[in-house]
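Look at the two complexes coming up: subunit A is in both, with subunit B in one and subunit C in the other.
Let's turn to the complex of A and B:
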């Protein structure tokens, strides 16, 4: 039972961080209808910004965190300005492929700037004691991750539900032309949504970097959050968090119980889960059903 | 646009792929030149061309699946691997003759593709991308962990094929084998997209609801698209594995599957000749960057590894911004220019 509890709790914490990664993904999709495959790489760049300030320059963690977010916001805006804006009106497939191109550029660029070395944050964003529940222990970095994801989730949910900008973003994603004719400044909304995505992916990257190490392959974690996104539905923050926790828990549980029979099975449990969801509820658990007309 | 003086007076002439005598001449000359090239080129270049041939065959598959039928798949590397492994296993364990193993590898990859493409019945667009991504990881897992069948991470040896006592074991013989299959595959792919099925693919791509209303069985068409697309991937994979000799799961990473999309983007979506342009351009440039540059100056090696990613990322982004219809479209423009040159009317 303690073993189960340990697996379950660490699954929840890992899952919350998956959810954090997935949120950045959902922002882009919710506000501009773009499926950003370069999201993992944007997380990685955010983590590298943080590491540069915190480790290489030796500044305090909170300052490094804020500066990294500022740089990530700039990166998000530059991506939108140079790459996404010229493609306005192109097919979704073209925009999807352009994010693949971005993925290559960011990965190669990171390799050029920071090289092959593996980095590690020296301190956490804020200090918390590790928590003991029964026999199970949750390490402090997981608690930090959990708290940050929940805070970010609440902030974003409130932003999209209650502010005018949030409403404009949802309108733009739904129908660009219609939103524009209703007086929404679509270009500015796109810029803002990419800034927001840059910031949130940097938060995810830095938190994830605190749990593991940071190197130029970290972007592949971005592919791991994709099942989470699909599980919860592409437009739902709640879905991202719930999906993250479900995927995290099934991952640790299958790793803990099935590994002796099927080695490495936990690597593909998220994907199997995702396929099942796709077949049963094609738009995810909390996604919006699309009604199509000719 | 045809030059002045070329008239089409029958339906057959209008539908012909190769329309005039000069075109036949150029085509036959090009094929003869291709088959004479082992006399002139070093083994290294022949090996590169052989690899390109295999990848082009697989790229026909993704072109039909994504470019024509509009079903975006990032799992093409896994179907390529399925073909490679099934070809190798059929030949080594069941002692199939090579050609039968090649076709069976295509069939097996096609069937696996149909299963992996099953989510396309319920979802499309981005959700389908995710479905094929899951398909990739699951196929990869099966290949890696089903040790008794595939040899796991140790890999698998592909036995050399032999025809009439002639074993395919040199670079030149591999080259001829792949080029002959490539010719057949080109003719097949070019014609598949002109059949009723191919036109149904395009209709489903452009608007699947409208296609359904017009009486096209969308489910069946999607299955057909996945089967045909993955069949080509399987054949290309088996040929490539035969050339490589031994295969391991690590040779078929997800990035390769994404690269297939890159090939058809750069070559041109919805164009069979675009597959040639895309694969030859990308693989050629990659070879130049990763082999030739470090040979010129060894100190560049580290820079090149990172620079290659940036370079190809830029190529994809710039192609999409400035020439979304790919190199095939440029080729069409060039053709219509030289056909009426020097007397443009």
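Let's turn to the complex of A and C:
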């Protein structure tokens, strides 16, 4: 029972991190309809910014965190300005292909700048004691990760649901030409969404960096995040968190119980889950259904 | 107020759609723009509102002036902020947003208090929308969607509202209802209206002035009462050829009869 509890709780915390990565993806999709496959690499870049300030320059963690977010915001804007903006009005599939190219460019750039070394954050974002529930122990970094992802989720969800700007972003994702014809500054909205996405991906990357090591391959977590968003719904923040937690829990549970019989099975459980959910709910748990009037 | 000066519009640099269109819309007036399909009416509207870029179109000659100021090089979002709102064809909506959210998007340039007042105003014109305020707009019926797009245009307090075929796909009684409301809006709010329509009879009935377009040119213009009396308009747009008289065979072949305005 305790083994189960341990797996379950750590699954929730890992899942919250997946949720953080998924949130960056959802932000872009929710405000522009673009499928950004480079979000894993954006998480990685955010983590590396954090590493630069915290480890290489030796500054305190909270300062490194804020500066990393600022840099990530700039990066997000630069990506949008140089690469995505020229494609306004083109098919979203073309933009998807561009993000695939971005994946490799960012990974290569990271390798160039920071090399092959692995890095580890020396201190956590804020100090909490590790939690003990029964015999299960949740390490401090997992608690930090969980808290941060819930806070970010609430902030973003409130922004998109209740503010005027958030409404403009959702409208632009629905129909950008129509939004422009009503005076919405569409190009500015796109810039803002990529800045937001850069920042939340960086948060996810840094949190993840606290739990594991940081190296130039870290971007692969992006592939793990894909079943999360498909499962939870491409434009739903709630789906990102819930999806992340479900994927995380099934991952740890299958790893803990099934790994002895089928090694490596825990890598594919997220995808099996994604398939099963799509059979029942093709738009994910909380995604927007395609509206067809008959 | 709005002057379109002999504009030429080309799509994808090879398709020459407008070949010299000149229009004028006075403040507070209602103007009809009629013509068969493919005449270039929607293109004219998009040239005014700045939405040509989305279809790779460009104004290659002439100019568009609004309030004495040239607007043909401005971005669509800036033109909309000047008060020129185009209601796109086919009741295009933000499908996944609710009715009220669509209306709020219409008024997004204004702040909270003003938006509340405008919402009440729009619901006053279209009570059916109030009933449906929380529903996802993609599921509304065609007539309600058309009301929603006009209501959304109203939310921005436009000085010039350009309606692109508002009667498309609607039941005849609903068309009359909507046209009545549009007339009310023009009268009460002094909003200038440019009405592009296929339903020539209804359009000429409520407007002050009309332009007839064919093949990218304005071929006839005049006060609406005069246009309704014009022989060619009657025959080609209103379907009123001579009734109950003996016709010569030559006259029946419409495709052979030249319109009086050609040559």
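Quick note on the criterion: the second predicted complex is superposed on the first by the 291 of 294 C-alpha atoms of A that agree within 3 Å, B and C clash if a C-alpha of one lies under 4 Å from a C-alpha of the other, contacts with A are read in each partner's own complex, and residues count from 1 in each chain.
The definition used in the following text is that a contact is a pair of C-beta atoms (placed from the backbone, for glycine too) under 8 Å apart; a residue touches a chain by one contact, two chains touch by 3 or more.
If you're wondering where the values come from, they're calculated on a predicted model, not measured in any experiment.
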| item | value |
| --- | --- |
| Fit-or-clash call for subunit B and subunit C when the two complexes are aligned on subunit A | fit |
| Which superposed partner A:58 touches (first subunit B, second subunit C, both, neither) | neither |
| First (subunit B), second (subunit C), both or neither touched by A:86 | first |
| Partner chain in contact with A:288 - subunit B first, subunit C second, else both or neither | second |
| Computed vertex angle (subunit A) for partners subunit B and subunit C, CA, steps of 10° | 80 |
| Touching partner for A:230 - first (subunit B), second (subunit C), both, neither | first |
| Partner chain(s) touched by A:168 [first = subunit B, second = subunit C, both, neither] | second |
| Partner chain(s) touched by A:183 [first = subunit B, second = subunit C, both, neither] | second |
| Residue contacts on subunit A - larger count, subunit B or subunit C | B |
| Distance of closest approach, subunit C and subunit B, by C-alpha atoms in Å | 15 |
| Residues of subunit A at both interfaces, subunit B in one complex, subunit C in the other | 293 |
| Touching residues (chain side subunit A, partner subunit B) in the complex | 29, 35, 83, 86-87, 90, 92-94, 96-98, 100-109, 111-112, 223, 226-227, 229-230, 234, 262-265, 267-268, 271-272, 274-275, 278-279, 282-283, 292-294 |
| Subunit B to subunit A touching residues, read off their complex | 66, 70, 72, 118-119, 122-123, 125-127, 129-131, 133-135, 137-138, 141, 144-145, 207, 209-210, 213, 254, 258, 261-262, 265, 269, 303, 305-317, 320-321, 324 |
| Subunit C residues within the subunit A interface of the complex | 49, 51, 53-54, 75-78, 80-81, 85-86, 88, 92-97, 101, 104-106, 108-109, 136, 138-139, 152, 156 |
| Interfacial residue positions of subunit A with respect to subunit C in the complex | 89, 164, 167-168, 170-171, 174-175, 177-186, 288, 291, 293 |
